[in-house]
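Chain nomenclature is as follows: A, B, C and D, assigned in order of appearance, with residue numbering initiated at 1 for each chain independently.
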Amino acid sequence: MLPTAVSNDPLAGVAEFRDQFIRAYRFMLHARLLDERLASLYRSGKIFGGVFLGRGQEALSAGLGVCLRQGDVFAPLIRDAAGRLAFGEHMIDSIRTYLGSPLGPMRSRDGNVHRGRPKEGLLPMISHLGAMISVVNGMLMARRMQKRLGTSVGAACLGEGGTSTGAFHEALNQAGVERLPLVMVIANNQYAYSTPTNRQFACDNLVERAAGYGFDGHTVDGTDLGECLETLQKAVDNARSGRGPQMIVAPLLRLCGHGEHDDSSYIDPRLKQSELGRDCLEIAEQRLVAEGWLSGEEIGRSRSELLAAIDETISTVQRESAPNASAESWQALSTVSLRDMSSGTEMA
Amino acid sequence: MSITYLDAIREAQDRALKDDPRVFIYGQDVGAFGGAFKATKNLAAKYPGRVIDAPISEDAMVGAAIGAAIEGMRPIIEMQFADFSTVGFNQMVNHAATLYWRTGVPCPITIRLPSGGTSGGGPFHSQSLETIYAHFPGIVVMTPATVEDAYGMLLSAVAIDDPVIFCEHKYLYYHLKASSLPTESLPIGKARIARQGRDLTVVTYSAMVHECLAAAEVARDEGYEVEIVDLRTIKPLDTDTVVASVARTGRLLCVGEAWPWGGVSAEVIARVTAEAFDLLDAPPQRLNAKDTPVPYHPNLWAAHRPTAQSVAQSMLRLLRL
Amino acid sequence: MLPTAVSNDPLAGVAEFRDQFIRAYRFMLHARLLDERLASLYRSGKIFGGVFLGRGQEALSAGLGVCLRQGDVFAPLIRDAAGRLAFGEHMIDSIRTYLGSPLGPMRSRDGNVHRGRPKEGLLPMISHLGAMISVVNGMLMARRMQKRLGTSVGAACLGEGGTSTGAFHEALNQAGVERLPLVMVIANNQYAYSTPTNRQFACDNLVERAAGYGFDGHTVDGTDLGECLETLQKAVDNARSGRGPQMIVAPLLRLCGHGEHDDSSYIDPRLKQSELGRDCLEIAEQRLVAEGWLSGEEIGRSRSELLAAIDETISTVQRESAPNASAESWQALSTVSLRDMSSGTEMA
Amino acid sequence: MSITYLDAIREAQDRALKDDPRVFIYGQDVGAFGGAFKATKNLAAKYPGRVIDAPISEDAMVGAAIGAAIEGMRPIIEMQFADFSTVGFNQMVNHAATLYWRTGVPCPITIRLPSGGTSGGGPFHSQSLETIYAHFPGIVVMTPATVEDAYGMLLSAVAIDDPVIFCEHKYLYYHLKASSLPTESLPIGKARIARQGRDLTVVTYSAMVHECLAAAEVARDEGYEVEIVDLRTIKPLDTDTVVASVARTGRLLCVGEAWPWGGVSAEVIARVTAEAFDLLDAPPQRLNAKDTPVPYHPNLWAAHRPTAQSVAQSMLRLLRL
């Protein structure tokens, strides 16, 4: 389905939409391929700790990413490789963080999905679900106080399981009270680790919670990039133009394990067969081809180019040296004069 | 037959569910899935309606456990990682811990915290939080170091009429094996001499017991016999056993995987110096993790926490003082 | 307004309603008079710590209390003196707790509104707002596991400010998932301490949050005892009969300070003039007289009798001896063998 | 003119708001109402839009402060009581405290905790939680004991690029007065000799400084001169000043209002015995609150926490060892 009116000229609107769709699709593809490479590195024992994929969620994630701009704030969650790329994260940040390179943004200290560059508006998640949202609020509040909020927005992602946290609630209520340009994107991928939605919440659609927080609510089929773009663009535009916080709930299905250690055998086969279980990447490709926006060949070329770039980046990072514990400062405070040199960590 | 530390935790829960209809388990993914670490594998099928998946709501999980305890149940709460207990913290330290003192109604709940570092765990899946719980009145804090204690102490935890924070170490889950489950165990609150020695007392607990045991072999090669005290519970803390050991050795080293400021090792030293100052032939010393979050990369992680190697160095330095 | 059909016989329904109304009114009056006496004890320096009144909220609170039965669970909050009395709390528990008597249920250890008798279903609140609700859930879950839930329900009270806590959210979501017979009563008294509702939440009516948790939602004029009884009875009946959790939101106005130390000068005078600012006790009395259910004389007599009983109880408690610190056990654990005798509290 | 400890806190915030446009205050009832204790009285009117009422959402309050700090602000968060910080705990210890170490981006936030016991406060309005915050890496914990320090240290807290937990003692709010505000102060991280002596070092902080000073007068009547070290910040902890004092006196007593297990007093003793064992002429001792929640009734409360009387007893017992 095409968006109704993106600009005054319907044809310009179509072209704009097509361009956005293609851009988003490339990030989806990039994320999917990167995820797959990380999964194979995991299987060959090259990654310490867990690997978390966004398979099946790329349309929603990339869709959000392309609706954001430089200067916006983005707090991705564990399945947002696509949105991160679309927001401008370099894939080397991801690979370095997974492989623990000291050259990555987390300098071997934190890993996998816990990466970001706060000063560039990309927040590095802590693991505690729901915790990032109020931080986005605070960034928006600060900008407003500094009179430089302008039309910037903050976007935060969460799974449906994360909505059960107190942190989620407090932050949404806060965004409502402060009427912040917060775009809250909830990927309802039907499971929180192994827990199905009927053990997680008792309403039909989490979007029913939007009004109670003073949010506009939107629901979108998370497997359909076109619909994701349309809905997310509307929500982001609403937020930008001062219409207050927005909640988007996207039903879809996690097409992978919770992490790569998990065979996800608990996923209901009926869900896999349902509309929710469609692969958003395939659907996007079908549309690209059907609309004549990209040919199968072009898609194949993109794929090989991206794979080559991914492999090259992985090789680069694998040649980087591992962190050296004795070169570490082992100091958690930034203030040098407050570093406590006799806190029992070492023998006197 | 070989039983891991993790098996022991599952077996203890199985037995608790079997023996006592008041017991139930509540936590994220503990049901059909059997828990993130499989500590409740098969239990939901075996005990229908008594092994219950929770939403991602640690505060409400603990709150519900308190309510169930008031109604005579003996809930076991599984936190998916110790690190996430910080969001259930208030119900633990302000509600469960104060209930008996305030009302005279006991609060028999057990909260299992998969604790401690593993390679690649990073800052939020590696924490050792025993100290912050032990600081609050009204809580028992257990830190089992062996397969036998994982089993016996968890059964005791469920039987105890007070809130128990059960810090089970993730590194030991698979690394530690025993040939069978114990039929009896030391009373709760009693420390254990994990290794006898005459030259130095090392007080430790949980996974660090094994680093210290390995380090003691290094010290033996240098001609020293190190005694190792495994605290088992850090609150209450068995000062008597520690002091009796120091009376034999005259030297004290405390080793913990937690952060250094104000933890178990400080508490042990403060007690020993207050109660047995004259028994000490050298300054008591501590070795803890470094005072930063727990790093992700294995190289950094290995340097962040005490290891057999760094413990051995500390032992030898103290032995030569 | 009369309830439409409380039983098959409309006249029986009327009589039943009248009796319930009168019962609830007496608890309202009792609570109001008790509160006033506590306030005057506070002013004369006889009470350590704070005093928190329920003035203006007695209709809602007593209304809930009379809808509950022995065997139900009740978690009152700071302004529920009326509901407590209706649920069966003896006023001496309140007075002893305020005055710190060792004979009270909290034995001088906890004070004022932090009292209760958990084994009798009356929960002693901790101060942290929102914390009691999941405890009620757990009690109901336990009863269900023990197969003795029967038709019992659990009721929890909170102010509108308390709805901003993460604890509130987690507990409501939990009650929805478990489909518990929880009755959540929210007194929207327009202020949380000094904070008005527009700084607390961004929806028009907090009842908009009910659906998102799988709760039935009800709104009721908190100043009108008749309406409170009708709505609360319906909600409690719903919960009893297995229709799942219920949320009642009652707009009203706090007709006192946050605590007796607070002159509440920040309360908007327009609110005081509005319908919200009506005194529920007066309205109930007007109705009693208008319906011919009680005469002014009877009301006056009730008042004197209650006052005499209150004063007598206060005198009794004031004659009770103060707690003796050296007779205290100073042990927080119930398990005697686990009491740590050398924890640095005393010199060795 | 006479300035209370509470006035000093208000004045420091006034000055911080005036001098630095990056500063703002966020907390329940801090706006037009001026805060539950009036620590922000008049500030909302004076600095429009910069003293902001928060919903009852401690987690989101701290989360927002972190975000604002990332954007270059210097938020001050007022918890209504220290006791309620347990529901904002996770953002404090896992988010604010780790941000700099993880990302290199500093997190300059100040969280004010109205702390400690007052008569009739009861279990949930009386807590001294400095220990649990100090245990975590990445946090500075301040515990001012004087009007001057309340002022100077709060200004420093706001200026410091790291998260500061500012434990201001409610008992001192009105009880403590000075004639004027200081124009300069000791550097943060330095302890202060609150009273000079030669016979015994007492290490303490916050309201207990005053109990210890009063107790020192009792000891003087018995012919002893007690030196009192006011730690000022408990993390970092100024071991040097403590050790230097012990070098003069040979005896050490640590006094704290917090619970006994693993707190400031244990940490100080562990440090002193590790670093200055040979300077001690007698076993170092501690005096803390009792290991129960803080009781409501004044009779019980007075017995629960250390007082001038119980400190004096501890002093004399240790002096006579």
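Points to keep in mind about this one:
Just so it is clear, a residue touches a chain if its C-beta (ideal position, glycine included) is under 8 Å from a C-beta of that chain, and two chains touch if they have at least 3 such contacts.
Just so it is clear, the structure is predicted and the values come from calculations on it, not from any experiment.
Contacts with chain A and chain D are shared by B, C. Chain centre most remote from that of chain C: A (centre = mean of CA atoms). The distance from the centre of chain B to the centre of chain D, each centre being the mean of the chain's C-alpha atoms, comes to 30 Å. The centroid of the Cα atoms in chain A and the matching centroid in chain C are 44 Å apart.
A straight line joining the Cα centres of chain C and chain D is 36 Å long.
Across the assembly, chain D contributes 54-55, 57, 59, 83, 86-87, 90, 94, 97-98, 101-102, 123-124, 137-138, 235, 237, 261, 265-267, 270, 274-275, 283, 285-286, 290-293 as residues in contact with two or more other chains. Taken residue by residue, chain C touches two or more other chains at 106, 109-110, 114, 126, 128, 164-167, 170, 173, 177, 199-201, 331-332, 340, 343-344, 347-348, whereas all remaining positions touch fewer. Judged by the touch criterion defined above, the protein chains are all mutually in contact, each touching every other.
Residues 28-29, 31-33, 36, 53-57, 59, 81, 83-84, 86-87, 119-125, 260-261, 265-266, 283, 285-293, 295-300, 302-304, 313-314, 317-318 of chain B are the ones that touch chain A when the two sit in their complex.
Residues of chain C that touch chain B in their complex: 105-107, 109-110, 114, 116-119, 123-124, 126, 128, 131-143, 145-146, 166-167, 170-171, 173-174, 177, 331-335, 337-340, 342-344, 347-348. Chain contact summary for the complex, chain B toward chain D: residues 59, 83, 86-87, 89-90, 93-94, 97-98, 101-102, 123-124, 131-132, 134-138, 235, 237, 258-259, 261-267, 269-270, 273-275, 277-278, 280, 282-286, 290-293. In the complex of the two chains, the chain D residues touching chain A come out as 24, 49-50, 54-55, 57-73, 75, 87, 90-91, 94-95, 97-106, 137-138, 140, 160-162, 187-189, 235-237, 239, 267, 270-271, 274-275. Those residues of chain A whose C-beta lies close enough to touch chain C in the complex are 164-170, 173, 176-177, 179, 198-203, 206, 208-209, 211-214, 244.
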